[in-house]
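Each remark here refers to the structure printed beneath this line.
To keep things simple, chains are lettered A, B, C, D, E, F, G and H as they appear, and every chain counts its residues starting from 1.
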């Protein structure tokens, strides 16, 4: 059985590659989609396509509309969602994607560090599963196939 | 025409194998999914992945979140659902899966022993079809192809 | 582009074969599903599977549950629906299937004789298209491909 | 507790008055809505408002659009639906309203004569309750309050 | 702020009266609805309205259709649901009502004894809150008003 | 990853061919659907299939029902929608298709000339992305694959 | 019975006052909501609240977001919708509101001049009723009460 | 016209009182609901009701389930949502509530400081309106009544 997995979350390390590698090792038939992980591209895509904007605010607004188009198309294809939180940053897009998964009835695994337990407790309570490492998330997915 | 069938219900005998074998004999193109049938694994999966929990209550809670993740992913794929009741046990997961099928508009066949008629009458009334044996359930499915 | 078409409607002549033949001649890539067209089988399926029922009323009730299971599974697969009315009979299942198509957002073509215009006017008004012959329905479908 | 009840069904006798009277006798707090029961008005409303139409077919189509507007507004307000079938007529609007109730998740009571059992068996199987008399339908509603 | 609360669960003691009394003491503006708590009436309502049925099976089926009509009307009105489990019985209607609440997005409080923890773990995990006593459930509701 | 794209909008130049050509150059795996672009056929399809109508009004009504059937079937298949506005015409079908995309949760790209900015501002605000040229729309789609 | 009516459509004459006056004369218990009819206010509301924007484009975008907030709040309250088209202007907001009504299952009456018949034929076909004058729309609403 | 407004967002200053005061001054008929603003109570409610938990993690989990029950009951009642972001904290509950509003079709006003523009750009783009001060949010709401 094949599944499409949306990998929400921070884009500041290569955790997505880690997920893909470990899934492959376990022979899980998964297709991965997710937000734009090239940070500069994600910030500049609005001006890249629509041209120079008056201020940074409007540059951000232009970029966000194209990022939202892209993530909605891909989220719609997903069978379930993994949302990974790091130690730093606001990570509001991660939270938006995770909440959207919940609201759309797409099962959700949250990966978050111990430091995020308290601040994330309500979202975590609504998620299907919360774990601390990529390895654990892969084990949860493997369990579908067992 | 191919269908994915979620086999809800008790996991204390090999009725799922029976369904699969009989479907194969009739050449029905069915893919089967369902809850974890390895009882020990189902009970321990929380601690297996998340580590030792403080008490049995929390061990159960951890396991349940991963079992629910798994069944939701698989239920979402199903075209219809068979829910089999045995003579014993509370079978609340069977009832939860059967009710979810009804609420999601997924057609539902209930298989239940005569002894369960009275206690199950309201759920049975909401199901599409209620039968007493695996053979009868297979006949109902065969009828789709006739 | 391929579509699955649910052929609702009376089962007293071979109009479904006519639809299939004409679709083939036009090379339309359509898969057809629909209610049980073997009338006796449709009436007896309840007793065939569940055994002898106390009275005709219960025989009918048993059959109807299995017919509904079957049609719901197949209707769920349909991209659009054709509902054909004949001159005779109450044709309440045709009306139930046609209304369900409307409520599920599945486009609906009604084929009905001139004699049914008045009594069918409200349903016809809710359908996407109403025609009088199988040929016209096929032309409507061909138009998707033009 | 107060409920709004949509009274679908034939308009050739005064069964709706009967329902209202009996509800009042039992002190049930019910508000009744339903299709236009003035048959001539229902047939002529299109031409009354939109002016003379080219043929009877277009007169019917004009009327049906206004009847459908009216019934949709009122059905949307209903907590549950009673659909009464008589011995005669096609009663396709009754069937359309009853099926819409089912699809919208509005509980449905069907009242139908013995002669309609066989032809109505699939719809009846999808309804919540099927009875034969107005008295029985009122008893079912009274039961909500007990 | 006023809320309508559906009290799902066993009907073998007076826990509903307890909920009502304690809510009143705390001045919570709650309207309570729920399944038929007169056990005999609930079993006999089918025959009471539809007349003698051929066997106990059909007596049960007749009763269940009227019970389901009633509970669906009332569940539709509820803002949230409390489902109480006792030590005994299968309590499948409780489970069906609780699962329906989850699927309809109506917040759910489960009250269950310690002995039910293991068997109820997956449903409990899907509920919003699980407690062990009526007092605790009332405290959860009070918290809405704080 | 393959997507089906509904190309809503004016049918008075060959912008759809332009979209297809540019997508091909970029090797994007897209399947295109959309409204009938043969204007005469679109106007006459009602009379072509249903025969001569009494007046132009009824000719239009007949055509519109078949056009709506066709576009609903195809819109249902789309993963996302591009709606292109030209300088001229009312373009109400474009607006209807674009709004339907929004309401169905299908991501929407609007292409519109500078002259349409003011009149289209509210719809544009609800769309995911608004651009001025086909090239820009293609870049937005390419971004899904990056 | 009271209804809330959303009056979509052009804001260049006082047709809404006309609707209100005529409803009052007929004693129809209607509450009216709709888009901002003060054209200047509607254009300037963005800058009024958010301050001066860099260009007219951004002024429009700011205004549109607040207009959309307002109309969505009010449309959500509506039981049905009247959309009036005039002879002039693009009237894309009218079309967006009318289409949204259709997609939300809110019954829709379109009022449009003869000159708009052809260009509006597909939307008109999806509306419940299309008329040419405010008087006719009022008659359609009166019919609900008859 | 009266509306219920859910005030999502940080609970570290008295902005909600500010909203209420300013609404009152403008005579806006608004009822306010929102998350628990007593921070200690929100953290301790799990142990208050369910008793001492094994570790802080489980204390958090217990609290979160009761907080989620409360906010879901209240969010369900809301006609629209205001979500206010402060300079500090992760504010993931704010983001979860705001995203839920979007997914439920409840119009959303975000109030956020300039410093949050970049990190919040995608959520902001999905909201109906984004402003920087409580005053501006009140002006947006006032605009509904104009």
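FYI, a contact is a pair of C-beta atoms (placed from the backbone, for glycine too) under 8 Å apart; a residue touches a chain by one contact, two chains touch by 3 or more.
Here the structure is a predicted model, which is why all the values come from computation and not from measurement.
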Q) Can you list every chain in contact with both chain D and chain E? A) C
Q) Could the interface between the copies chain B and chain C be described as same, meaning over half of its residue numbers are common to both, or is it different? A) different
Q. Of all the other chains, whose mean CA position lies farthest from chain B?
A. G
**Q.** Between chain G and its twin chain H, rotation from the CA superposition, multiple of 5 degrees
**A.** 90
Q. Which listed pair, G-H, A-H or D-E, reproduces F-G with over half its contact pairs identical?
A. A-H
Q | Most distant chain from chain E by Cα centroid | A | F
(Q) Nearest whole angstrom, what separates the Cα centre of chain A from the Cα centre of chain B? (A) 31
Q: Provide the C-alpha centroid distance between chain B and chain H, rounded to the nearest whole angstrom.
A: 39
Q | Distance between chain centroids, defined by C-alpha means - chain A, chain D (Å) | A | 50
Q: Quick one: which residues in chain B touch 2 or more of the other chains?
A: 65, 68
Q: Please give all chain pairs that are in touch with each other.
A: A-B, A-F, A-G, A-H, B-C, B-E, B-H, C-D, C-E, C-F, D-E, D-F, D-G, E-H, F-G, G-H
Q.
Per the contact definition, I'd like the list of chain B residues that touch chain A in the complex.
A. 31, 33, 36, 38, 41, 45, 48-50, 65-66, 68-70, 72-74, 76-77
Q) Which of the residues in chain C come into contact with chain D in the complex? A) 56-57, 60-61, 63-65, 67-68, 71, 89-93, 95-96, 98-100, 103-104, 116-126
Q) In the complex of these two chains, what residues of chain A are touching chain G? A) 54-55, 58
Q.
If we count contacts the way the header does, which residues on chain D are in touch with chain E in the complex?
A. 1, 3, 79-80, 105, 107, 109, 128-131, 136, 139-140, 143-144, 146
